[in-house]
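Structure first, then comments.
A, B and C label the chains in the order they appear, each numbered from 1.
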Amino acid sequence: MMSTRTVLAVCGLLAGALLLLPAQVDVAPGAQASHRGDILCPTGPPPTRDGVFALEEYAENFFDPQTKILISFHCLEDSNRTMHVGLISPWQGWTEMRFQATDEWDGSYNAVRLAMSGGEVQAVDGYVEGATTRFADDRAIGGTYDLIGATGALGSERNVYEFGFPLFSADAYDSQLTLNGSFYFQLAYATDEGPFMESEPHFIQIGQFISPGEPTSLELTLPPGGVALEVAEVIVTLRDERGQPLSLRPVSAFVQTTFGFLDLGVSTTSAQGVASFEYAPRDEGSYLVGAAFPGEDGHLASVSWFSLVVTSVGEGFSLLPRDLAIIQTLIVLVLGLVWGTYGYSLFIVRQAMRASQKEGGSRDEATPHE
Amino acid sequence: MGQTIEADPSLVRPLQRTTWRFYVLCGVLTTIVGIGVAGYVTQLQTGLAVTGLNDKVSWGLYISNFVFFIGISHAGTLISAILRVSGAAWRRPITRMAESITVIAIVIAAAFPILDLGRPDRIINVFLYGRIESAIMWDFVSIFTYLTGSIIYLSLPMIPDAAILRAKYQLGRFRGFLYKLLAGRWTGSRLQQIGLKKAIGLMAIIIIPVAVSVHTVVSWIFGMTLRVGWHTAIYGPYFVVGAIFSGIATIIIAMAVFRRVYHLEKYLTVKHFRNLGVLLLVLDIAIIYFSLSDYLTAAYGSQTQDVRWLAALSTGPYAVLFWGMLIGGFIVPAVLLSLNRTRSVAGITIAAILVAVGMWVERFLIVVPTMAVPQVPFDWGVYQATWVEWAITAASIAAFALLYAIFSKIFPIVSMWEVAEETETISEAVAEAEEVTT
Amino acid sequence: MGLLISDRVFEIVGWNPTDFRALADNRKQWVMVIDLARCDGCGECTKGCSREHFVPEGTEWITVFKVQDELGAQYFLPRPCMHCENAPCVKVCPVGATFRRDDGVILIDHERCIGCRYCMAACPYNARSFNWAEPAHTPAELAHPYSIEEPWPHRVGVVEKCMFCVHYAKQGKLPACVRACTAEMGDGAIFFGDMREDAVSNGTETLPLAETLRERGGFRFKEELGTRPRVWYLPPRSS
């Protein structure tokens, strides 16, 4: 729960932030925007929120190397200072964007949590107070939802979310950014199983004019069906808006694993815009492979996801005690023989005892004859 | 014809007359067993923490005793069966003594793994979830098979004796009931005798592989692990030979005791001691040979773990026991049994006692030092048996003696009909010989 | 399996011999990699493990051994349960109280174990310990409901050991020792992951399994025994 004092403090800090720009910013290493320098949120006409991600709708984007989420920005110069965001997230649990308009990241933030459920996007406008780090639905704590038309599309490999929200809001639990300036944001996600990860905080400058970056595209080619324990070649092709290959650009590839991404490395594209990586999963199954181009001056970042399906299994993991079956048969036979002999011995004695009765009876008759 | 067998009354005398000494002996033995039971009760209350066992040396005296008593159990059945199958006539007075050792020793041996359990209350799980892959289950099956076979093999030759005792002696209601139960419709007719002998012959043959399998399987409990000193193919035969060795020693001790106490000099002659002494000597040489093979193989290759194990045995904390076993338990008895001067009843009995003690130490040295050798860098396990373990060990020996003593009061310890038959066949042979001469 | 006569007998009797406890939630193959070059013997892994699993006093599920060779080289060797593919302990258990799950983890059913300690005699790594007396309990431990994956409250007379924190792995959380090590060292020495994915992580860093083992000369403890442990070590000095 957020007290009025905290709201005032946030407002105060906000004012400070505006005065001190650019304040000491702890921009995470690797947080490189597609436009060199700070991550910018350019202004212009709004993108269409159709859940179909068209890179050209956004003039600026950023690929977060930790969470592997691609985030695109677009800011409007309306009274609410509406910001449009597009996310490409590989996470099947929820994906969250958090933002805080202060000059120091203190962990209290406005948060938008998105998830796909039954083909429908579930969007929650929430708030997290630094001290408790607990996510609270705005409505549950007396705030209002002011998300603008959140949409989403479910993909087998990734989810796409688009939504808008006011940077200036009357809601105490939302952002109150009044002027052009900067704010922090952070990305977080949860996997199916539950635990979540968060990125380093990043920094956005708003309102500066930049020429829109040219969208790029990544094509990920994987062998249709890999063989376990054999190296699968992951081929990545980087192209610009017109489909022309982009050469000598750094491209990274990664595999989603249980405890974080396994980086397959960074490779420079060839003259044909092609870079290749190797990955050798050890067992059958589906492995989510991604590739990203972090963007550069004039070119936007792009990301691509693909599932590597490994169907045939090499060596199995379990040992079957085939040989034991033979031994077991022998043991059963031997044991049967032993117990059979026991039984037969007792049977003989029993028969002898019985026979003697008959014999005894017949002997009585036979005695006189003898 | 069967009814013509005349039982020697001197063999029945111990059943009729019981001296005060017997009651004192029983009292002392019962007290020792009682102390052992008290020790076990403490163990049940606090858990195995009352023993000297720990995470490194997790098996100790109990498992040593288990192996030892299983070894003792070989005495009987195997010796009597081998002698029976090979037709050695001198065996007749000692077969029952040997066979009863087997049954009593198995019962006591079988108790030890249960005494060693952390959760004896869950013993039922062995039946509910038994896994054939585990060597303990092999043991379970083979010991059960062996016990059943031994009981049958002990009981069958008791039928004619029970019939004699039922017919001719009044020995109280309990024993009378037992004799009646055992004798059944036994009349001693020729047909019955043929049947019985056939059954005994069959059991004698089948019990030999069963007995060999039992001790082999016991050795496999150790042999199937990957531990130094245990993981060796020699263990099967080594255990079997060791078992027969300690078994014969036990029979000799039992013979010496019964000979003296029940005045059986007529049946248990110097010849019996000498013959068993020769067998004991042969097995002594075999066990020395096996020990040499085992230790030399380990020493020559000098693998790290083997060296540690041998050092612990020969110069380390187990040196006194190790050299004591080799010299006192193997070599001295061999000398005693070889020299004509010491091949008297007393000499052979002393050798047997040395062997029995030596073989107990051998079992201890099989179990404990191997567990004490470090498997991970590099701390040695330390094991000091506590009073509870010693009390239970003493109780097991006392219980063995007690059951044996009681058995000798229920049944003649020398098979009456078999020794009678022996004299009969001898007189027949004499008669035949006379006929030929005339 | 259906290969063993006993299984056939069970089939005829109508009892399904498949051990339901051996079925893991999904197909994972858990492995651990311990970088001995990074281990400074601080023992935080042991503490973290004991804390989170209420391991009784005097018992350790992961033990750090100090190894010194003849030439004076010294390093530390943390030893969890090796979760062998060819596990000697599983083979010898007479009642199937210890078993290997589909995800390669060896667990113990503390409610079935009869305390014969054959598994301890069979384990070449001394990874198992026995509760010789009723262990001292804490209220938090007693409040926890027992399950095979989270086998506490601890109890007397049974064998216990490291269970690769499968209860955490199910939640996508790294094992207690891994987290404790990374928290202490920054770049943790213990890595954990799914062998199928060919990746292990210490929480801050994810390494390719096969490549790391190949390039750093990874080895398994007592490889010659053929137990095929699921724990690999990276040598104490990187070449």
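Just so we're on the same page, contacts are C-beta pairs under 8 Å (C-beta built on N, C-alpha and C of every residue); 3 or more make two chains touch, one makes a residue touch a chain.
Nothing here was measured: the structure is a model prediction, and the numbers come from that model.
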| item | value |
| --- | --- |
| Chain contact topology (line, ring, star, complete or other) | complete |
| Selected pair, greater C-beta contact count between A-B and A-C | A-C |
| Chain whose Cα centroid lies nearest the overall Cα centroid | C |
| Geometric centre distance via CA averages, chain C-chain B, whole Å | 42 |
| Distance from chain C to chain A - Cα centre to Cα centre, in angstrom | 27 |
| Between chain A and chain B, centroid-to-centroid distance (C-alpha), Å | 68 |
| Per-residue overlap in chain A, given as positions that touch at least 2 other chains | 321, 324, 328 |
| Per-residue multi-chain contacts in chain B, two or more chains | 132-133 |
| Contacts with two or more other chains, residues of chain C listed in rising order | 4, 6 |
| Contact set on chain B toward chain C in their complex | 46-49, 51, 53-56, 58-59, 113, 116-120, 122-123, 125-126, 128-137, 140, 221-222, 224-227, 371, 375-378 |
| Contacting residues of chain B [partner chain A, same complex] | 132-133, 141, 145, 148-149, 152, 156, 159, 184-187, 189, 191-192, 194-196, 198-200, 202-203, 205-206, 209-210 |
| Interface residues, chain A side, partner chain B - complex | 321, 324, 328, 335, 337-339, 341-342, 344-346, 348-349, 351-357, 359-360, 363 |
| Chain C residues within the chain B interface of the complex | 4, 6, 59, 63, 65-67, 77, 79, 88, 91-97, 112-118, 120-126, 128-134, 156-159, 225, 227 |
| Residues of chain C that touch chain A when the two form their complex | 1, 3-6, 27-29, 85-86, 104, 169-174, 192-201, 203, 206-210 |
